[in-house]
């Protein structure tokens, strides 16, 4: 997150990559939910920036509006325009499954971004973040730190994103599972709404409910700005906090090490850049040059990495 | 029909220095209606100028043009020697014209004082000066003879009569040279009217002109100096002397015909039959107590009483719209506990406030007329609008609804014609017992005579009628039996033939029969 | 005299009532939107097959929200408001796609969705009519509670519908027209008849126009109020099936903010928010305007933020166009 | 005569007006919520420092939405509704945290936020008063457009406020009480004075209670309407600063659904949705009830879906309690 949009994108500049040579012209249809949130905003800007790197790619943005139904409409319109390939970050994988199938049946390959379609017939390539893995990573980090400190029955807080989203559920499940390994559990969990204000409000409530706390995981660095503000406002510092997604602001804070935020687990919007690159290859029938296979594989899952003060410099360029 | 012949008196003839307001050929057109179609009017300083006309003649429209609410489409208005065309109500008020409108124009959730000074509040840098406002309101109220109304009280909690006083207080709060009163007496009781007249006389003594609109000819004779008569938006007679012009002439100018009688001639007592409505010991605490009465088929029972004596509440309770604390209501032997049961049993009620209690103003006339009976026209839930219209048209014709036709929205009808629609609703429904609460309020002389005839005809056909009216002559002239209510108690009952107006008035006010009268 | 000043009704030029004029205005807005589409994307509009398909897409998108709007229109005409429609859809959708319900097959699922809709509507109606709660508050509370219950039932997971019959509703076409469009047409037609030709409709207008007058005319206002919310709930149940079929799944967050869309469409279609007046045809046109706007944005690849800015402007323009037509037409009739 | 039927006020037992009774009801609801808190988490409530802090937290959480609700209460009393409050906050928040604006320092940021609020409110008011748009539609269009513009300006990113003065607003305490709480108190007090002691307030009641009467009394209804929306916009501007300071950042999605919360709080506080009646004190109590509920859920670690179900129930219960108290009290006074 930054106030200057130009710093905000992660692109592969393709230096020294054979696949980068211009090929036949590719029209990529792109659809992602309306962005009022940094991460989704970064997804769209990354896609645009990556497409800008190729002289042979034309990106057709059809933003999906406020809900799954609107996105279905947008996809229907997009299909009618017959792009070579569609990259879609669905509102909800299950709800948009039918739309994926419809596109595939119309002969347009679909690259599913982030939120999986249940049916394999609905996509050609799936690039997923690992929500469950994110929870696992956060839980493992917190567990290890607390164990190292010798805290026996720690008070652990959790601030989730929008609770009705499945990805939120997956993150929380991963978190609980990883903590269970250490015999720890979550003392209080508040759901926010992926906005800074939501994060601030939820954190204020959580801090009030837990007068003493040892560790806190916040699912999303964007709402984390609000969470950190709430912690400052409550003048609390007896615990440490782990973030989620890996925003630029979060990485900066971790590097400076002047706040309770000590680590964040990644869920990078750079996947949109990768999706555009791979969509182009699929449309042109090319494979990934490091793989032996002639075509792009069917599924790619990003790993969720843990950024701490020690490795922050390395990840700085991936911050959004 | 031909246009009315120009009368010599239609030519304004006041001496110039006396005349403060002059209207010449004023025209106001609403979509589909020429509400004003060449009005002449001339008002002198210090006089009470009465406007007479049937419902829908254009009286209210005329005063709204004066008040800056409507803008005349043609014609000239001269106010104190200058051409006058107020663009807004505020402009008219600044020019010294204050208006008491026909419909109550108060804000329920403001206090009496705030209502009186609404729009020109005494204030300092935008802050209301509450003490000043209250004391000035108190002065005006005292002048109006109603010092008991607290300026701080919310208007919502006042009875209708007190609201009318507040409307008057608002008019007096302006430094007005002309006060226009549109049927101010319609919601006032007998003694209140006398009070109103006292105030009007005070005003005119100070040289303030008053335009006074009323359907009650006796009032006009009492207070008025000169009369201008409107018919269908035109002046048919101007500047008639209020006291001496014969009633026949006034009515003739208004209606274009002569009305031979006001009340239908007396009739024989209805046959003794088992009562249709039996009310026993009905009580609602704070409103009325221990009321028992009966109404037989074909009988008209009138209830006299002052405003605030609890008659409306009694009617609404009989109708099932309010739950009694004690007592029973039986219609043809069956208890009535809800409005639906009452309507199903053949009871109908024309409530006191037709606009808020009876009408769907934006719906066509016929849908208003069949509001209580459309289910009867319907077949398996599907409405029969054709049948409803035909039936409504017949009823409208029998009530002489003006303008004719049942498709226009009720909102565009004048007050008296709206009342006919409400009565018509129950004529359509095969009603056996009709409860009428102030049925002729705001209804013109001609229509009033028609309504009386309609009520009588209903009774002749065997319908029982329970009539509440603040006009004693109406009760006496129409009813077979008269009940008198005072402060929630039924204090007297006698056949109409055996009681006269003075006796009723005395009962109503003092609660006792005149000395020397047999009980 | 009267005959002179007032032309008798038969001789009066057949006057268009305000409702009709508003609808004409909305058709004008629709035409305008299509013209903008043609100007901005002539190459698409030059393909008749695409145009035909595009119309069907617009109609299909309007179908579920259209059904909800019909119910909402009744509630608003009756003097109420229903903020819980989106939540009812979510609850009905989630309930009818639980593993247990799906085991009863398509009929069981449809029955469940409709029953949930009717049931929640009934609770709304009872709270408002007998509990004397303001409709805004009662249905807002229901919004919150029903979404919560939907999340509870679905365990916050998206529930996939494996029922082929249900899923086929969205894909079936009859004479080339999607079944969903027929459903909207049927609901709208039924709504029109109900409002304009039945005692139920008359009572609705009566209680919304003047509740006290309706009560004193012997209409059971409370029962009618309850029925209106039940009707709205029923429409939500139908819409839940339609949306579930379109998404082949249901979820606690589905039909988000449908309440605002439905109310907006009803009002744009000429329904008075204060009750007593409104038309079904207008409401359906209102929905069509909204889905045509969305379609226009999609074919022009507008970014969401630009979309939103333009959409706000179009809504304002649409209402102004209606008003303009109305005034100019009444001007005409004055002469 | 009126004297006889109207008991003179002096002799009347000092009657509590409906507003006061409602407020008593809301205090009852608040007490009830606290009692539930004490019962469920006695160990927390046994620590006086925690209790004191908890009260401040509840007040602080209520502060921004409370300010918005004061403006909303005026609009509703005046017969309107403002659905765009959340969007105005987002636009004002985003605008005042752009790099360019931040370069003017805290004063520049506050000025910008207030000006954006006033400006958008002005557009709302003009559309409604002079464009004759229904308030629901006009402000809904503004909601959509302003959020779109906010997304455009912020490029959909969260904008961090680097201004220490602004950020300090949320952390400053005076005599141990957060500055934010003082701001709410000041706005509420100013609102109370404005509503009850100025011509502006009295005219607001007049145009909402009986627009025709207000017009006939010479009040400039259109100008008053415009001013009401400007006032609401101004409150949103203030709230934008408060929220930006609390979150040390602003983003296009901030203050999501504040419109519903503010309207609900106003109505629960006794404001008539149809206009003409309402109290500032009640509205603030309404906000406090909502933030106390949230607090109660947090200290009991309720899951979101259970929270929502319970919240719906509590809203209904709160309104029923008010009604119960009102009826029983009037019963009492009847005797």
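In this document, chain identifiers A, B, C and D correspond to the written order of the chains, with residue numbering beginning at 1 in each.
The rule is short, and it goes like this: a contact is a pair of C-beta atoms (placed from the backbone, for glycine too) under 8 Å apart; a residue touches a chain by one contact, two chains touch by 3 or more.
Because the structure is a prediction, the values reported are computed rather than measured.
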Chain whose Cα centroid lies at the greatest distance from that of chain D: B
Between chain C and chain D, centroid-to-centroid distance (C-alpha), Å: 30
For chain A paired with chain D, centre-to-centre distance based on mean C-alpha positions, whole Å: 35
Whole-Å gap separating chain A and chain B, where each centre is the average of the chain's CA atoms: 72
Set of chain D residues in contact with two or more other chains: 147, 151, 156, 252, 304-305
Overlap residues in chain A, where contacts from two or more other chains coincide: 34-35, 163-164
Touching two or more other chains - residues of chain B: none
Every chain pair in contact, whichever chains are involved: A-C, A-D, B-C, B-D, C-D
Touching residues on chain A, where the partner in the complex is chain C: 34-35, 60-70, 72-74, 76-78, 80-81, 92-98, 118, 162-166, 168-169
Chain B-touching residues of chain D, taken from the complex the two chains share: 1-6, 8-9, 17, 193, 197-200, 202-203, 205-206, 209-210, 212-220, 276-277, 334
Touch list for chain A against partner chain D, complex: 1-5, 8, 34-38, 40-42, 44-45, 163-164, 187-191, 193-201, 204-206, 208-209, 211, 222, 225-226, 228-230, 232-233, 249
Residues of chain B touching chain D in the complex: 67, 69, 88-90, 93, 99, 101, 105-110, 114, 118-121, 123, 126-128, 130, 146, 148-150, 153-154, 158-159, 161-162, 165, 170, 189, 191-192, 285-286, 306-309, 487
Interface residues, chain B side, partner chain C - complex: 1, 3, 29, 31-34, 37, 231-233, 256, 319, 321, 339-340, 342-344, 349, 351, 356-363, 367, 371-372, 374-375, 378, 381-383, 402-405, 407-408, 425
